[in-house]
Amino acid sequence: MPYVNIKVTGGAEAPTTAQKEELIKGATELLARVLNKKPATTVVLIEEVPMENWGVGGESVPVRRMKAAKPSP
Amino acid sequence: MPYVNIKVTGGAEAPTTAQKEELIKGATELLARVLNKKPATTVVLIEEVPMENWGVGGESVPVRRMKAAKPSP
Amino acid sequence: MPYVNIKVTGGAEAPTTAQKEELIKGATELLARVLNKKPATTVVLIEEVPMENWGVGGESVPVRRMKAAKPSP
Amino acid sequence: MPYVNIKVTGGAEAPTTAQKEELIKGATELLARVLNKKPATTVVLIEEVPMENWGVGGESVPVRRMKAAKPSP
Amino acid sequence: MPYVNIKVTGGAEAPTTAQKEELIKGATELLARVLNKKPATTVVLIEEVPMENWGVGGESVPVRRMKAAKPSP
Amino acid sequence: MPYVNIKVTGGAEAPTTAQKEELIKGATELLARVLNKKPATTVVLIEEVPMENWGVGGESVPVRRMKAAKPSP
(Lines give C-alpha, C1' and ligand atoms only; values in the text may rest on other atoms or scores of the structure.)
Protein backbone atom coordinates (compact mmCIF):
# COMPACT_ATOMS: atom_id res chain seq x y z
CA MET A 1 0.00 0.00 0.00
CA PRO A 2 2.80 2.54 -0.37
CA TYR A 3 2.11 6.07 -1.52
CA VAL A 4 4.88 8.10 -3.15
CA ASN A 5 4.41 11.83 -3.70
CA ILE A 6 7.04 13.49 -5.88
CA LYS A 7 7.05 17.29 -6.04
CA VAL A 8 9.18 18.89 -8.75
CA THR A 9 9.44 22.28 -10.42
CA GLY A 10 6.88 22.78 -13.18
CA GLY A 11 6.53 25.29 -16.01
CA ALA A 12 9.53 25.31 -18.35
CA GLU A 13 11.15 22.62 -16.18
CA ALA A 14 8.14 20.33 -15.96
CA PRO A 15 8.84 16.66 -16.68
CA THR A 16 7.68 15.38 -20.07
CA THR A 17 5.06 12.64 -20.34
CA ALA A 18 7.84 10.09 -20.92
CA GLN A 19 9.77 11.30 -17.86
CA LYS A 20 6.65 11.05 -15.70
CA GLU A 21 6.23 7.48 -16.91
CA GLU A 22 9.84 6.74 -15.88
CA LEU A 23 9.38 8.32 -12.45
CA ILE A 24 6.25 6.24 -11.82
CA LYS A 25 8.00 3.06 -12.98
CA GLY A 26 11.17 3.80 -11.02
CA ALA A 27 9.46 4.68 -7.74
CA THR A 28 7.27 1.58 -7.95
CA GLU A 29 10.28 -0.66 -8.62
CA LEU A 30 12.19 0.96 -5.73
CA LEU A 31 9.44 0.06 -3.27
CA ALA A 32 9.22 -3.47 -4.70
CA ARG A 33 12.99 -4.00 -4.52
CA VAL A 34 13.65 -2.52 -1.07
CA LEU A 35 10.44 -3.36 0.81
CA ASN A 36 8.93 -6.09 -1.34
CA LYS A 37 5.79 -3.99 -1.87
CA LYS A 38 3.36 -5.16 -4.54
CA PRO A 39 3.38 -2.82 -7.57
CA ALA A 40 -0.38 -3.32 -7.95
CA THR A 41 -1.07 -1.29 -4.82
CA THR A 42 1.76 1.25 -5.04
CA VAL A 43 0.42 4.69 -5.90
CA VAL A 44 2.70 7.42 -7.26
CA LEU A 45 1.59 11.03 -7.55
CA ILE A 46 3.70 13.70 -9.26
CA GLU A 47 2.96 17.33 -8.47
CA GLU A 48 4.44 20.27 -10.37
CA VAL A 49 5.07 23.47 -8.44
CA PRO A 50 6.16 26.77 -10.07
CA MET A 51 9.86 27.50 -9.48
CA GLU A 52 9.19 30.75 -7.64
CA ASN A 53 7.06 28.83 -5.09
CA TRP A 54 10.09 26.81 -3.86
CA GLY A 55 12.51 28.19 -1.34
CA VAL A 56 15.67 27.03 0.38
CA GLY A 57 18.12 28.99 2.50
CA GLY A 58 15.44 31.66 2.94
CA GLU A 59 15.36 32.51 -0.79
CA SER A 60 13.26 31.37 -3.70
CA VAL A 61 14.92 29.15 -6.29
CA PRO A 62 14.95 31.84 -9.04
CA VAL A 63 16.72 34.30 -6.69
CA ARG A 64 19.27 31.63 -5.68
CA ARG A 65 20.03 30.76 -9.30
CA MET A 66 20.41 34.43 -10.26
CA LYS A 67 22.90 34.94 -7.44
CA ALA A 68 24.80 31.75 -8.31
CA ALA A 69 25.11 32.92 -11.93
CA LYS A 70 26.37 36.39 -10.98
CA PRO A 71 29.92 36.46 -9.58
CA SER A 72 30.26 38.67 -6.51
CA PRO A 73 32.60 41.67 -7.03
CA MET B 1 -9.74 20.33 13.98
CA PRO B 2 -9.74 17.72 11.23
CA TYR B 3 -8.11 18.38 7.89
CA VAL B 4 -9.22 16.40 4.83
CA ASN B 5 -7.17 16.55 1.65
CA ILE B 6 -8.81 15.02 -1.41
CA LYS B 7 -6.67 14.56 -4.51
CA VAL B 8 -8.47 13.72 -7.74
CA THR B 9 -7.69 13.76 -11.45
CA GLY B 10 -8.12 17.21 -13.00
CA GLY B 11 -8.36 18.47 -16.56
CA ALA B 12 -11.25 16.92 -18.48
CA GLU B 13 -12.12 14.85 -15.38
CA ALA B 14 -12.00 17.73 -12.90
CA PRO B 15 -14.98 17.95 -10.54
CA THR B 16 -17.48 20.70 -11.28
CA THR B 17 -18.13 23.50 -8.80
CA ALA B 18 -21.26 21.69 -7.64
CA GLN B 19 -19.36 18.43 -7.15
CA LYS B 20 -16.68 20.20 -5.13
CA GLU B 21 -19.44 21.62 -2.92
CA GLU B 22 -20.77 18.09 -2.40
CA LEU B 23 -17.31 16.69 -1.57
CA ILE B 24 -16.75 19.45 1.01
CA LYS B 25 -20.18 18.88 2.56
CA GLY B 26 -19.84 15.10 2.53
CA ALA B 27 -16.36 14.98 4.05
CA THR B 28 -17.37 17.42 6.79
CA GLU B 29 -20.49 15.37 7.61
CA LEU B 30 -18.45 12.17 7.68
CA LEU B 31 -16.09 13.59 10.32
CA ALA B 32 -19.05 14.92 12.33
CA ARG B 33 -20.92 11.60 12.17
CA VAL B 34 -18.03 9.23 12.89
CA LEU B 35 -15.86 11.29 15.24
CA ASN B 36 -18.26 14.00 16.42
CA LYS B 37 -15.95 16.70 15.00
CA LYS B 38 -17.38 20.23 14.82
CA PRO B 39 -18.02 21.25 11.18
CA ALA B 40 -16.90 24.82 12.03
CA THR B 41 -13.29 23.69 12.37
CA THR B 42 -13.18 20.96 9.72
CA VAL B 43 -11.10 22.06 6.74
CA VAL B 44 -11.41 20.31 3.38
CA LEU B 45 -8.98 20.90 0.55
CA ILE B 46 -9.47 19.47 -2.95
CA GLU B 47 -6.45 19.26 -5.24
CA GLU B 48 -6.63 18.41 -8.94
CA VAL B 49 -3.72 16.53 -10.46
CA PRO B 50 -3.32 15.87 -14.21
CA MET B 51 -4.14 12.27 -15.09
CA GLU B 52 -0.68 11.54 -16.49
CA ASN B 53 0.83 12.51 -13.09
CA TRP B 54 -0.88 9.57 -11.32
CA GLY B 55 0.55 6.10 -11.38
CA VAL B 56 -0.40 2.70 -10.04
CA GLY B 57 1.10 -0.69 -10.77
CA GLY B 58 4.16 1.09 -12.17
CA GLU B 59 2.22 2.75 -14.99
CA SER B 60 0.52 6.10 -15.42
CA VAL B 61 -3.27 6.13 -15.47
CA PRO B 62 -3.54 6.99 -19.21
CA VAL B 63 -1.29 4.03 -20.10
CA ARG B 64 -3.33 1.70 -17.86
CA ARG B 65 -6.60 2.81 -19.42
CA MET B 66 -5.24 2.44 -22.92
CA LYS B 67 -4.15 -1.12 -22.16
CA ALA B 68 -7.46 -1.95 -20.48
CA ALA B 69 -9.34 -0.71 -23.55
CA LYS B 70 -7.22 -2.70 -26.01
CA PRO B 71 -7.77 -6.48 -25.90
CA SER B 72 -4.53 -8.43 -26.02
CA PRO B 73 -4.24 -10.68 -29.10
CA MET C 1 -7.55 6.99 -8.56
CA PRO C 2 -8.56 9.37 -5.78
CA TYR C 3 -6.41 9.77 -2.69
CA VAL C 4 -8.00 11.01 0.55
CA ASN C 5 -5.78 12.04 3.44
CA ILE C 6 -7.60 12.61 6.74
CA LYS C 7 -5.62 14.21 9.55
CA VAL C 8 -7.19 14.12 13.03
CA THR C 9 -6.06 14.60 16.60
CA GLY C 10 -4.46 11.49 18.06
CA GLY C 11 -3.59 10.39 21.59
CA ALA C 12 -6.61 10.32 23.91
CA GLU C 13 -8.78 11.53 21.00
CA ALA C 14 -7.51 9.05 18.43
CA PRO C 15 -10.20 7.25 16.45
CA THR C 16 -10.83 3.62 17.41
CA THR C 17 -10.24 0.81 14.92
CA ALA C 18 -13.98 0.70 14.22
CA GLN C 19 -14.11 4.45 13.62
CA LYS C 20 -11.17 4.25 11.23
CA GLU C 21 -13.04 1.55 9.33
CA GLU C 22 -16.07 3.88 9.08
CA LEU C 23 -13.95 6.80 7.89
CA ILE C 24 -12.38 4.65 5.16
CA LYS C 25 -15.77 3.32 4.08
CA GLY C 26 -17.42 6.75 4.19
CA ALA C 27 -14.71 8.58 2.26
CA THR C 28 -14.65 5.87 -0.42
CA GLU C 29 -18.46 5.99 -0.78
CA LEU C 30 -18.37 9.79 -0.99
CA LEU C 31 -15.98 9.69 -3.95
CA ALA C 32 -18.05 6.97 -5.62
CA ARG C 33 -21.33 8.85 -5.12
CA VAL C 34 -20.17 12.34 -6.12
CA LEU C 35 -17.55 11.62 -8.78
CA ASN C 36 -18.34 8.04 -9.75
CA LYS C 37 -14.83 6.94 -8.72
CA LYS C 38 -14.19 3.21 -8.48
CA PRO C 39 -13.76 2.11 -4.83
CA ALA C 40 -11.09 -0.40 -5.93
CA THR C 41 -8.64 2.40 -6.68
CA THR C 42 -9.62 4.89 -3.97
CA VAL C 43 -6.94 5.11 -1.31
CA VAL C 44 -7.68 6.58 2.14
CA LEU C 45 -4.96 7.42 4.61
CA ILE C 46 -5.68 8.50 8.20
CA GLU C 47 -2.94 10.32 10.09
CA GLU C 48 -3.08 11.06 13.81
CA VAL C 49 -1.39 14.22 15.02
CA PRO C 50 -0.94 15.13 18.72
CA MET C 51 -3.38 17.84 19.83
CA GLU C 52 -0.63 20.28 20.80
CA ASN C 53 0.73 20.10 17.22
CA TRP C 54 -2.44 21.68 15.78
CA GLY C 55 -3.01 25.40 15.78
CA VAL C 56 -5.70 27.78 14.68
CA GLY C 57 -6.08 31.50 15.34
CA GLY C 58 -2.39 31.59 16.29
CA GLU C 59 -2.85 29.26 19.28
CA SER C 60 -2.53 25.54 19.80
CA VAL C 61 -5.72 23.57 20.28
CA PRO C 62 -5.05 22.82 24.01
CA VAL C 63 -4.54 26.54 24.73
CA ARG C 64 -7.74 27.42 22.83
CA ARG C 65 -9.77 24.84 24.72
CA MET C 66 -8.38 25.99 28.07
CA LYS C 67 -9.37 29.58 27.31
CA ALA C 68 -12.81 28.53 26.06
CA ALA C 69 -13.41 26.62 29.30
CA LYS C 70 -12.29 29.49 31.55
CA PRO C 71 -14.75 32.42 31.73
CA SER C 72 -13.01 35.78 31.44
CA PRO C 73 -13.41 38.00 34.55
CA MET D 1 16.02 19.66 7.75
CA PRO D 2 12.63 21.29 8.22
CA TYR D 3 10.05 21.31 5.47
CA VAL D 4 7.33 23.95 5.45
CA ASN D 5 4.37 23.60 3.11
CA ILE D 6 2.15 26.67 2.83
CA LYS D 7 -1.16 26.26 0.99
CA VAL D 8 -3.03 29.45 0.10
CA THR D 9 -5.84 30.47 -2.24
CA GLY D 10 -4.64 31.07 -5.79
CA GLY D 11 -6.16 32.76 -8.83
CA ALA D 12 -7.09 36.40 -8.18
CA GLU D 13 -5.85 36.00 -4.59
CA ALA D 14 -2.52 34.36 -5.44
CA PRO D 15 0.51 35.85 -3.72
CA THR D 16 2.76 38.03 -5.88
CA THR D 17 6.37 37.06 -6.54
CA ALA D 18 7.48 39.54 -3.85
CA GLN D 19 5.02 38.08 -1.33
CA LYS D 20 6.23 34.56 -2.04
CA GLU D 21 9.78 35.76 -1.39
CA GLU D 22 8.63 37.18 1.97
CA LEU D 23 6.83 33.98 2.93
CA ILE D 24 9.93 31.90 2.16
CA LYS D 25 12.17 34.29 4.12
CA GLY D 26 9.74 34.54 7.04
CA ALA D 27 9.13 30.80 7.41
CA THR D 28 12.87 30.09 7.25
CA GLU D 29 13.61 32.73 9.90
CA LEU D 30 10.82 31.35 12.12
CA LEU D 31 12.39 27.88 12.12
CA ALA D 32 15.85 29.38 12.76
CA ARG D 33 14.61 31.55 15.63
CA VAL D 34 12.39 29.00 17.40
CA LEU D 35 14.22 25.74 16.75
CA ASN D 36 17.68 26.91 15.72
CA LYS D 37 17.32 25.17 12.36
CA LYS D 38 19.91 26.01 9.70
CA PRO D 39 18.37 28.10 6.88
CA ALA D 40 20.58 26.24 4.35
CA THR D 41 18.53 23.06 4.80
CA THR D 42 15.08 24.56 5.39
CA VAL D 43 12.81 23.95 2.42
CA VAL D 44 9.65 26.01 1.90
CA LEU D 45 7.02 25.09 -0.66
CA ILE D 46 4.05 27.33 -1.48
CA GLU D 47 1.05 25.75 -3.18
CA GLU D 48 -1.84 27.73 -4.65
CA VAL D 49 -5.28 26.14 -4.56
CA PRO D 50 -8.37 27.61 -6.28
CA MET D 51 -10.75 29.24 -3.80
CA GLU D 52 -13.64 26.93 -4.66
CA ASN D 53 -11.48 23.91 -3.72
CA TRP D 54 -11.25 25.00 -0.06
CA GLY D 55 -14.01 24.26 2.42
CA VAL D 56 -14.69 24.94 6.05
CA GLY D 57 -17.87 24.43 8.05
CA GLY D 58 -19.12 22.13 5.28
CA GLU D 59 -19.16 24.92 2.67
CA SER D 60 -16.71 26.15 0.07
CA VAL D 61 -15.02 29.49 0.71
CA PRO D 62 -16.91 31.31 -2.10
CA VAL D 63 -20.27 30.17 -0.69
CA ARG D 64 -19.24 31.24 2.83
CA ARG D 65 -18.17 34.68 1.64
CA MET D 66 -21.36 35.18 -0.35
CA LYS D 67 -23.44 34.34 2.72
CA ALA D 68 -21.32 36.59 4.96
CA ALA D 69 -21.83 39.49 2.54
CA LYS D 70 -25.61 39.00 2.33
CA PRO D 71 -27.49 40.00 5.50
CA SER D 72 -30.15 37.47 6.50
CA PRO D 73 -33.72 38.88 6.45
CA MET E 1 14.78 21.02 -5.58
CA PRO E 2 12.66 17.88 -5.68
CA TYR E 3 10.81 16.65 -2.62
CA VAL E 4 9.85 12.98 -2.36
CA ASN E 5 7.45 11.86 0.34
CA ILE E 6 7.15 8.09 0.78
CA LYS E 7 4.36 6.80 3.02
CA VAL E 8 4.52 3.14 4.03
CA THR E 9 2.95 0.93 6.65
CA GLY E 10 4.69 1.13 10.02
CA GLY E 11 4.63 -0.99 13.16
CA ALA E 12 5.62 -4.60 12.53
CA GLU E 13 6.05 -3.76 8.83
CA ALA E 14 8.14 -0.62 9.32
CA PRO E 15 11.28 -0.41 7.17
CA THR E 16 14.56 -1.03 8.98
CA THR E 17 17.21 1.66 9.21
CA ALA E 18 19.10 0.00 6.34
CA GLN E 19 15.95 -0.11 4.19
CA LYS E 20 15.26 3.58 4.86
CA GLU E 21 18.81 4.34 3.73
CA GLU E 22 18.15 2.41 0.50
CA LEU E 23 14.86 4.20 -0.13
CA ILE E 24 16.54 7.60 0.32
CA LYS E 25 19.41 6.63 -1.97
CA GLY E 26 17.12 5.08 -4.59
CA ALA E 27 14.66 7.96 -4.75
CA THR E 28 17.48 10.50 -5.02
CA GLU E 29 19.13 8.51 -7.84
CA LEU E 30 15.80 8.20 -9.64
CA LEU E 31 15.35 11.98 -9.72
CA ALA E 32 18.97 12.44 -10.85
CA ARG E 33 18.68 9.84 -13.61
CA VAL E 34 15.28 10.83 -15.01
CA LEU E 35 15.24 14.60 -14.46
CA ASN E 36 18.91 15.40 -13.93
CA LYS E 37 18.13 16.82 -10.47
CA LYS E 38 21.08 17.52 -8.18
CA PRO E 39 21.19 15.05 -5.27
CA ALA E 40 22.42 17.86 -2.98
CA THR E 41 19.00 19.52 -3.05
CA THR E 42 16.76 16.45 -3.28
CA VAL E 43 14.88 15.89 -0.02
CA VAL E 44 13.31 12.53 0.81
CA LEU E 45 10.91 12.07 3.70
CA ILE E 46 9.63 8.65 4.81
CA GLU E 47 6.49 8.52 6.92
CA GLU E 48 5.22 5.39 8.65
CA VAL E 49 1.48 5.00 9.03
CA PRO E 50 -0.17 2.21 11.08
CA MET E 51 -1.66 -0.49 8.86
CA GLU E 52 -5.20 0.03 10.15
CA ASN E 53 -5.02 3.69 9.05
CA TRP E 54 -4.73 2.74 5.35
CA GLY E 55 -7.73 1.88 3.27
CA VAL E 56 -8.44 0.82 -0.27
CA GLY E 57 -11.63 -0.43 -1.84
CA GLY E 58 -13.53 0.99 1.14
CA GLU E 59 -11.82 -1.33 3.65
CA SER E 60 -8.78 -1.03 5.87
CA VAL E 61 -5.73 -3.05 4.92
CA PRO E 62 -6.04 -5.49 7.88
CA VAL E 63 -9.65 -6.28 6.94
CA ARG E 64 -8.67 -6.79 3.28
CA ARG E 65 -5.85 -9.14 4.22
CA MET E 66 -8.05 -11.12 6.58
CA LYS E 67 -10.63 -11.59 3.82
CA ALA E 68 -7.97 -12.52 1.27
CA ALA E 69 -6.60 -15.17 3.64
CA LYS E 70 -10.01 -16.65 4.43
CA PRO E 71 -11.61 -18.61 1.57
CA SER E 72 -15.28 -17.78 1.12
CA PRO E 73 -17.62 -20.77 1.71
CA MET F 1 -7.97 29.96 4.76
CA PRO F 2 -4.25 29.23 4.70
CA TYR F 3 -2.89 25.88 5.81
CA VAL F 4 0.71 25.61 7.00
CA ASN F 5 2.27 22.20 7.49
CA ILE F 6 5.63 22.20 9.28
CA LYS F 7 7.60 18.94 9.30
CA VAL F 8 10.55 18.75 11.68
CA THR F 9 12.74 16.05 13.18
CA GLY F 10 11.17 14.39 16.21
CA GLY F 11 12.50 12.17 18.98
CA ALA F 12 15.35 13.76 20.93
CA GLU F 13 15.07 16.83 18.67
CA ALA F 14 11.30 17.23 18.91
CA PRO F 15 10.11 20.77 19.66
CA THR F 16 8.87 21.39 23.21
CA THR F 17 5.29 22.40 23.88
CA ALA F 18 6.41 26.03 24.23
CA GLN F 19 8.30 25.88 20.92
CA LYS F 20 5.26 24.42 19.16
CA GLU F 21 3.21 27.33 20.53
CA GLU F 22 5.78 29.76 19.08
CA LEU F 23 5.78 28.05 15.69
CA ILE F 24 1.98 28.21 15.52
CA LYS F 25 1.96 31.88 16.56
CA GLY F 26 4.81 32.80 14.21
CA ALA F 27 3.40 31.05 11.14
CA THR F 28 -0.01 32.61 11.71
CA GLU F 29 1.49 36.09 12.08
CA LEU F 30 3.58 35.58 8.94
CA LEU F 31 0.47 34.86 6.86
CA ALA F 32 -1.34 37.83 8.42
CA ARG F 33 1.57 40.21 7.80
CA VAL F 34 2.46 39.16 4.25
CA LEU F 35 -0.92 38.19 2.80
CA ASN F 36 -3.35 39.83 5.22
CA LYS F 37 -4.88 36.43 6.05
CA LYS F 38 -7.21 36.28 9.05
CA PRO F 39 -5.61 34.38 11.96
CA ALA F 40 -9.02 32.90 12.83
CA THR F 41 -8.96 30.70 9.73
CA THR F 42 -5.23 29.97 9.51
CA VAL F 43 -4.51 26.36 10.40
CA VAL F 44 -1.00 25.23 11.38
CA LEU F 45 -0.05 21.57 11.67
CA ILE F 46 3.31 20.42 13.03
CA GLU F 47 4.44 16.88 12.20
CA GLU F 48 7.43 15.20 13.81
CA VAL F 49 9.38 12.71 11.71
CA PRO F 50 12.21 10.50 13.08
CA MET F 51 15.63 11.75 12.02
CA GLU F 52 16.50 8.56 10.17
CA ASN F 53 13.41 9.02 7.97
CA TRP F 54 14.78 12.25 6.44
CA GLY F 55 17.26 12.23 3.61
CA VAL F 56 19.12 14.78 1.55
CA GLY F 57 21.95 14.29 -0.94
CA GLY F 58 21.01 10.61 -1.11
CA GLU F 59 21.82 9.96 2.56
CA SER F 60 19.81 9.97 5.75
CA VAL F 61 20.39 12.83 8.18
CA PRO F 62 22.14 10.62 10.81
CA VAL F 63 24.61 9.33 8.19
CA ARG F 64 25.28 12.89 6.96
CA ARG F 65 25.90 14.16 10.48
CA MET F 66 28.21 11.26 11.29
CA LYS F 67 30.26 11.98 8.16
CA ALA F 68 30.34 15.72 8.89
CA ALA F 69 31.62 15.02 12.43
CA LYS F 70 34.34 12.60 11.29
CA PRO F 71 37.27 14.26 9.49
CA SER F 72 38.36 12.37 6.40
CA PRO F 73 41.94 11.02 6.60
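Which chain is which? They are A, B, C, D, E and F, in the order written, and residues in each are numbered from 1.
Please note the rule applied: a residue touches a chain if its C-beta (ideal position, glycine included) is under 8 Å from a C-beta of that chain, and two chains touch if they have at least 3 such contacts.
Note that this is a predicted model, so its numbers are computed, not measured.
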| item | value |
| --- | --- |
| Chain whose Cα centroid lies at the greatest distance from that of subunit F | B |
| Interface numbering overlap (same over half, different under half) for subunit E and subunit F | different |
| Interface copy of A-B among A-C, B-F or E-F, judged by whether over half of the contact pairs recur | E-F |
| Chain whose average C-alpha position is farthest from subunit D's own | E |
| Chain centre separation in whole Å, for subunit E relative to subunit A (CA means) | 16 |
| Approximate Å spacing (C-alpha centroids) for the pair subunit C, subunit E | 21 |
| Of all residues in subunit B, the ones touching two or more other chains | 1, 3, 7, 23, 27, 41, 43, 45, 54, 56 |
| Chain contact topology (line, ring, star, complete or other) | other |
| Every chain pair in contact, whichever chains are involved | A-B, A-C, A-D, A-E, B-C, B-D, B-F, C-E, C-F, D-E, D-F, E-F |
| Residues of subunit E defined as touching subunit F within the complex | 17, 20-21, 23-25, 27-29, 39-48 |
| Of all residues in subunit E, those that touch subunit C in their complex | 7, 47, 49, 52-60, 63 |
| Partner subunit D, residues of subunit F touching it in the complex | 1-9, 15, 19, 22-23, 26-27, 30-31, 33-35, 37, 41, 54, 56, 61 |
| Touching residues on subunit B, where the partner in the complex is subunit F | 1, 3, 43, 45 |
